[in-house]
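What follows is a set of structures for review.
Common to both upcoming complexes is chain A, partnered first by chain B, then by chain C.
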Partner chain A sequence: MILRRLIPAALICLAAVPALAGDPARDALLADYAAQAKQADAAFTGFSADRGKLIYTTRHADAKPEINACQACHGDDPSKAGQNAKTGKVIEPMAVSANPKRFTSKDDVEKWFGRNCKEVLGHDCSALEKGDYITFLASR
Partner chain B sequence: MRITVWDLPTRLFHWLLVASVATCAATGFLLSTPWLRWHFLAGFLLGGLMLFRLVWAFKGPQHSRWPGFLPSPAAVIAHLKAVLKGQPPHSQGHNPAGGAMILALLLTLSGIILTGFCALGGMFDQGPLAFALSFDLGGAIKELHELLANLLLALAALHVAGVLVESRLLREALILTMITGRKDLQPGQTAPEPRRKGAFTIAALVLTTGVGGAVILAHLPAKGWHPLMVPADYAKECGACHMAYHPSLLPAATWADLTSHLDNHYGEDASLPAATTASIAGWLTANASENWDSLAANRLRYPDALAARPISGNVWWKRKHRHIPDTIFQQKSVKTRSNCAACHGDAAEGLFSPQAISIPKDPK
Partner chain C sequence: MRFLLPLTALCLLAAPAFAEELDRVPPVSDAVVKKECGACHLAYPAKFLNAETWTKITSDLSHHFGEDASLPADKLQTIQAYYVKSGGHSQVGLLRISEQSWWLRKHRSVGQSKFATAKSKANCQACHTGADQGQFED
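Our next item is the complex of A and B:
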């Protein structure tokens, strides 16, 4: 009897693993950003990889030309290594599939959003933007 | 009757020496820094050749031995007078003037090799004398190295001229003799003594001891450079955006200034938590260029610590990179003059040795 309930539950859990990419620290971080997004806007229903992709690819006319988009340094294909546009330093891939360590340290994630959002987007990123962005790259 | 005046080892020595000296002269006088790896290699070979020649001066065949290079000054003058008259007497081995020239060449070359090892050790922190010499001493001795190298070129030119003149006057192909080793036995001469017993054994022993000793000495800690553990926070935080510059590249005051303005770091916000900044700044200043006697620390040293950056603005830096076109710096794999590690394989260790230079050329 119990088995009949457990099997579907287990199947649902298994199906959810790829979507969450399976790292508890990243999940916690996303949950944290979700709570903040909900607080900022009660209509918040969840993060969107499509919105995240838009953040990743949008070019900003106000930014310095060599760093006018995330993909300027991180590359058109986030599953490949990028390169710092100024110094030439190679940057590990942003896509979680290629670099499972991405978005697993809250300090690092906040440090980079803190620096790069201002530099590239021209403003501090909201929790919604951060969550969308991570969701997009976790899906890649 | 044909006799052997130069045995095979002597001939091999002669032509390997010619090849090594030509390599050293071309790389030392004409070519750019990355070619110095061949200069060093040919220099090591010359060191081995000279050890061999030292043994052969005692144990080789008659005409390879010392007495042949130690003519009396009177004999040299008499021979030169005879040459001027166009009638030099025939010599089986070295004639008196040629013998004196061999002595001059071997002594000058020994001096060049010794001063070369001093310069290599003092300036590049490499080789058997790296443990003993400071950068300044190595640099001063390098001047002597260059002086002797000029002298050697002059001597080598005189040596070749002498050989050509004698060949013509005596109608004897002296250069061919250094290839075949053979000459006709002249009337009234006896065949030369062959090399002495145990010559090869002693040569092998001396070479093994010499090379082995040099290798052991080369493994002693260098005077001007030492390996340095890079702390994890420096590698992670600073190394995320650019190569993790070796602390020996800048003076402590410059590092202190840099790390106190991370919010405007060459136009970027590179600020870090205070504790991380403090720990990185402490390590950088404690290992700043004042603590090193390496090539980079000496060459990049500035009287005004705050003028020491950017490093690519340094006068010596500019001179060393003057032949590298902008296209090399601008290509994707380099991007900027501040990306030392794109070409210098040992930039992260602060060594900047000529052997580690590899300039990339991106496919078009």
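Our next item is the complex of A and C:
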């Protein structure tokens, strides 16, 4: 009898999980970065949208002036479209709320972190930085 | 009539036939080219440069006009093959489309303010709204 009640309840719970967690591909990517972050630092407890925001907004004196921060191309408001500082091409919003496709392809995410971290931050991003950054933009 | 025919012929000869050809070109048809090249700028129609120049450009994407645009080998190969196969004519030694004499001639009367609004000569779509369809007549 109890089981008969439990099964529908469990089904409801399972159905609710993806809705709360967002895109499964993005979640898998974040889980992957979390595992890497944990491996790099056993004290890792989770990603932080606040730290991610700092990555997004910090200006880097060593970078080329027109691309000295993420927001130089992606805009002060990540929920709006940005513009490539060099070519003028429109860049779709970074915020997941405005552009649900963001951070759902590992290849794309790794390509852009690979190019832009070096160019803007001056170093390859760590798994912690990547996870924080995505967490910030997934919260926007 | 006797004058008209040679005159017409002259006009036709004088018209930069090649440049007119480039007013309407096939847009990039390859999905990888469209996505990867089109991520930072218009995926430029292959006819704008010759195969040799495309090879030069795509052979050094880590130094792509001052940017690191490097790509994994499989994607690079697709892009290179597409442009080499579909390339047109262009002046030897000039890597930029906007350095080609036909490009310069066609943009001679375009004011600085218009270029400033477009931000870059790379941003065709700022003025040519049909650029991604290969339409550059306007």
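Note that the second predicted complex is superposed on the first by the 119 of 140 C-alpha atoms of A that agree within 3 Å, B and C clash if a C-alpha of one lies under 4 Å from a C-alpha of the other, contacts with A are read in each partner's own complex, and residues count from 1 in each chain.
In this section, a contact is a pair of C-beta atoms (placed from the backbone, for glycine too) under 8 Å apart; a residue touches a chain by one contact, two chains touch by 3 or more.
Just so we're clear, the structure is a prediction, and the values are computed from it rather than from any experiment.
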- Report clash or fit for the pair chain B and chain C bound to chain A in the combined superposed model. clash
- Query: Taking the superposition as given, does A:Lys89 touch the first partner, chain B, the second, chain C, both, or neither?
  - Reply: both
- A:Glu119 contacts which: chain B (first), chain C (second), both, neither? both
- For A:Pro65, select first, second, both or neither according to whether it touches chain B, chain C, the two together, or no partner. neither
- Looking only at the overlay on chain A, choose which of 6-14, 78-86, 186-194 or 294-302 in chain B hits chain C. 294-302
- Where chain A meets both chain C and chain B, residue numbers: 83-84, 86-89, 107, 111, 115, 118-119
- Message: Looking at the complex, which residues from chain B come into contact with chain A?
- Response: 239-243, 266, 268-273, 332-336, 338-339, 342
- Note on the structure: Touching chain B in the complex, chain A uses residues 83-89, 91, 107, 111, 114-115, 118-119
- For the complex, which residues does chain A have touching chain C? 83-84, 86-89, 107, 111, 115, 118-119
- Under the touch definition given earlier, write down the residues of chain C that touch chain A in their complex. 40-42, 66-72, 118-120, 122-123, 125-126
